[in-house]
């Protein structure tokens, strides 16, 4: 594939530039018979919209999703679903020197080196707006997975120096102890301006972000995802491991610099006797005492919650003075003004969730061919 | 693909189980005209062989690579290269209860859930021996990349609680300051029993591993890789980003729980003004003052060294008593005896290097189609 | 892939139904730097438009192509090109019983069996309008190939019982003997209402089609394609042979029932001594005396013109009474009225040309990775 | 993919040259739980062995298949199945001028143009021996399909000027009328030295082939395949149509110059009223009165027998004098001696059958993801 397609069965192909006519995605391989309408998708697009808090760009992005194909009488037909969000904000404008110099931390230089020139308007294809297609496609994946009993919980675990005190296991324990339901927890997270599950941490972070903005600087953070309800057996051994495909999916989001599953980097310093998850029986099913594996063994889901984290670098667009070069190979100093998020982590939460869902639904369809028994059940 | 194939152009398909007749790989898409013989591959296989130090299993694995196709008169022909290592150690043996219970930290349970049964001999397909095919294929990728001026430096950065004090940048600075050449550094690493570049750390680690072995326990660690000489422009925007493909490649190695590029997880806590790499001119080329990006911007190589790290969990096979269940759904206690590595990190170093090389060569071939200029140069 | 994507490097993903909001294609992997505007694409779409002669449906299809992404300042950027043709003719309408019964020769029954239901409006995804995306993508492929010195000549060789007397070799001989240029020949074909290169045959065919229409019946035919200027060496041995990929490309067009290369089915009755193409030197290059191979040997282009033929079945929509069943499993008689082409061959000519171009450009990009020499030329 | 891999789910990767160490295939994506042993595969390899009649090369090819992985305790495990046939006949030998000149009708010239040089021993990768991997993989596909109630009947329909008088429909009618069973018909075909279902035609053909051999010439022919028992609904609309994938599969076999489905090229001259297959009810299922569609509508199986034909060119290796050039660009005359088949059609029958089976099993696995209902059945 030429790089804009993700997935093997449930396959998305995204297109569009920040300041082109629109941004879109073609979803191919969606099973027929799924009830689907534009509001199913809009709900997710709204989660990545800016302007929800004062820590995201005040740009107005209406980002209205339109379904152009693949749905008939309210249900998916099995044929490709074309989704488009037309850009509102295409007015001709002075991009100043942005066309001629390379912003540090951006892909300006590498695009020029690869292709000989680039669409410099608002980052072009490497803009964060590219994720609109992922979220539109991911919304469909999540709807399918919800129907199969699978739920997603994704949130900001850390922003700048602030980290929430609860682990993923703590959050899940509260659900298991009926302190609140998974839905309530999700609603709580969605109501936080930074999509943090812990309000005290969120407030501390907001103070930190105020400082960043005063210093015309930016911050990064860590997003954590939990997937519950995945049956055991999903993921292919060797190269298409569930964790390997998740790693690629998440790392394909701009600004991600790290990814880990379960105990992650901490496992490197642990001993085997601590890190192994002992197994016991519960409700007549094997069950793991701990979840250092993060729900995946040998690349295949083990039925425990899938837990992963992604590290996002700070937004590279800052107003502070920076040193760089232009395409005439002159050294210059720049200061990037305009409407930029001092932190993109909150808006990226839904992107992470969608990429995880796209990965999982694809491997669940793949797994249908794992045994002769599955084939015989369908074809006789 | 059905999971045992990696790559789009330079494509490897691996096969084989730990205690089957052999382990092998088919390399398809290797450019014609590369000088290749079995010793080119053996050199790399020898780096993953056990028995090099007392911290790896005393099993004797001859692991002799044979080329069955694709090479004629000492050069690759452009047709698939079939490589096989026949297993020496297939004698029928008592696997005891291993067939019936699920070892914690292993893929026994997930294979059974996925396929209904499993080849339980020595881990079957999920054995570490599966990596033989990756290394054999990767050896060819590295030979190609070397001919294009690209070099690899891969080593154990941390084992258990010990971390080497030098950063990747420190090591590269010594090379740049002519304290030693890249080759000398590589030779130094290869001469260390744990493949650590720092001898004092290596000695401390060896003491730690002695303790582990006494306690019948095991350790994990972090492998770091540096790729120098990559031209700018490699990697496809959006899904087939160089870092996304690397993440998948490395995460597809059993026991990997984390992956990061450049500043990695540390970037999440940094500010934009610190994390952005300023650019200046050097030898009339743009050059980065720092390398928090790890050589990749927007998924495309920027010409700086590519630096990445992978976290490995401790070997799950330990002699200490563990709690688990068997396939009759009974809770039992087990203690795994046999010849197991207390630490697999040193042997995994070459596997990481090979997976990185496979990723890079594939995207370099892909990049040939990036511009009309490339096509016109070839076809006129 | 999930079936709506074609190609590995130069990759098109089509979407859209006959009576949905629109029909479109995403072209991924197009090399950067190709001058491209909407009229480049419109020119080809106009060739598949109905209403050019009285033998095609009098439906008005404006079919205006819009470029939504991937082109900046008049050149392709290397990122996906999204092309859309919005449907004009979506007014709500009475589809009568078409939703409930299975038209003979159509995919109504098979879609229902596969997906459980179908978008019955105008054939939905199996409509001939689906080829709009192919033609839009193919127009770009042809523009690239033209810049590399490759030309296409595609025409109706036979319709119903009428076959043109000239072989492909005859037509090429006239060009070689300077009776007319390739361009003039192409213009001549494009000026014929049936896209036949022989005017006498065209007139005979028109009489035949008048009869068909009077009898409320329909006709099929054979389309022949000639590709000149292809360098030797294109196509991958074994599965991705140039002829195998062409066969798939052409056979993926609805209504195609046969495909052949060079001597085709006639080769089956020939003797080796007749069928082999002897080789001599011409302009210091090996040159073939005859072209029974159709320009391809062992799946790889040999530099001679590529010649192939595709057989199209008669349009299945006819007004004559037919026996069929409905989805209540009752046997019924139907007569299909409405605006249907009595012959689709003339409109399919450009579709065949586009699918051939898509196949060729994809394998030409693939071939860039064939030798170490190519890689070394680019990367040093 | 780099050209040696076929299929998306049930995926084969073949390797090996005519006179290298061996020929093999890796089958990835085979469902777990299929009983499989080497004799299952040998049975099919024996059908492509030479020496069965005097019309095939007297070379002795033992062609013993070995299973190296993926089978445990007599059943497939779901992991890759590596199959190898070691070449017996690798003795160093004088290949004379074959290395330096280009045999007409062979791929010598195109391989040299593509790769710069070639393995000239016995055709190298473009040898007919390459099909061993296809047959070994196809044998497994057929075993799976047989378990799902699907049967294959493949035979020589025509050789040189002789064509059997029975159509595929005639043969199936005899089965339906209980004149003989499908198995008896298959056994009858397998017992014929030319794999023709009609003994009189076979005898006439044998006389013709005697003439060919006397004249040191060669013959081509047409192979016909019938697949019965395929459920309706198999095949993906648009590019991965069942007939498009079959066309590619069959056209990827060396020497194939034409392919057709159902009425094939004859459909081009028919009228719609004749070519459409009317539908009636039978055993409470829709059933087609005729089968001009060849069992496929809109690229999707309709439940009727799938009927297709492939045209094979005459063997290009002939002892008669031929004109060609050498790689010093000199014009020369050659006469090819050695052990060559005057007709390869009989030996190719099993190859055609296997490629058809590989195509079908792949699309049947793909079809498992067609509806939400399938997913819900498996995952709840």
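A, B, C and D are the chain letters, set down in written order, and residue numbers restart from 1 in every chain.
Quick note on the criterion: contacts are C-beta pairs under 8 Å (C-beta built on N, C-alpha and C of every residue); 3 or more make two chains touch, one makes a residue touch a chain.
Being a predicted model, the structure only gives us computed values, none of them experimental.
Peer 1: Work out the mean Cα position per chain and let me know which chain is farthest from chain D.
Peer 2: So the chain farthest away from chain D turns out to be A.
Peer 1: With over half of the numbers shared counting as same, classify the chain A/chain D interface as same or different.
Peer 2: same
Peer 1: How big is the gap, in whole Å, between where the Cα atoms of chain C centre and where those of chain D centre?
Peer 2: Whole-Å distance between the two chain centres: 26.
Peer 1: In whole angstrom, what separates the CA-based centres of chain A and chain D?
Peer 2: A distance of 45 Å separates the two centres.
Peer 1: Averaging only over C-alpha atoms, locate the centres of chain A and chain C and give their separation in whole Å.
Peer 2: Chain centres of chain A and chain C, defined by C-alpha means, are spaced 39 Å apart.
Peer 1: Check each residue of chain A and list the ones that touch at least two other chains.
Peer 2: 1-5, 8-10, 14, 29, 32-33, 78-79, 114-116, 125, 231, 237, 366, 370-371, 373
Peer 1: Mind pulling up the chain B residues that touch chain C in the complex?
Peer 2: 8-10, 29, 31-34, 76, 78-79, 144, 147-149, 231, 237, 364-366, 368-380
Peer 1: Across the complex, what residues on chain A touch chain C?
Peer 2: By the definition above, chain A touches chain C via 1-5, 8-11, 13-17, 20-24, 26, 28-29, 32-33, 66-70, 72, 75, 77-82, 84, 114-119, 121, 124-125.
Peer 1: Where on chain B does chain A make contact in their complex?
Peer 2: 1-6, 8, 14, 102, 104-107, 109-111, 113-116, 125-126, 130, 158, 160-161, 212, 215, 217-222, 231-241, 243-252, 254, 256-265, 267-273, 275-281, 284, 286, 289, 292-294, 296-303, 311-318, 320, 322-325, 329-331, 366-367, 369-371, 373
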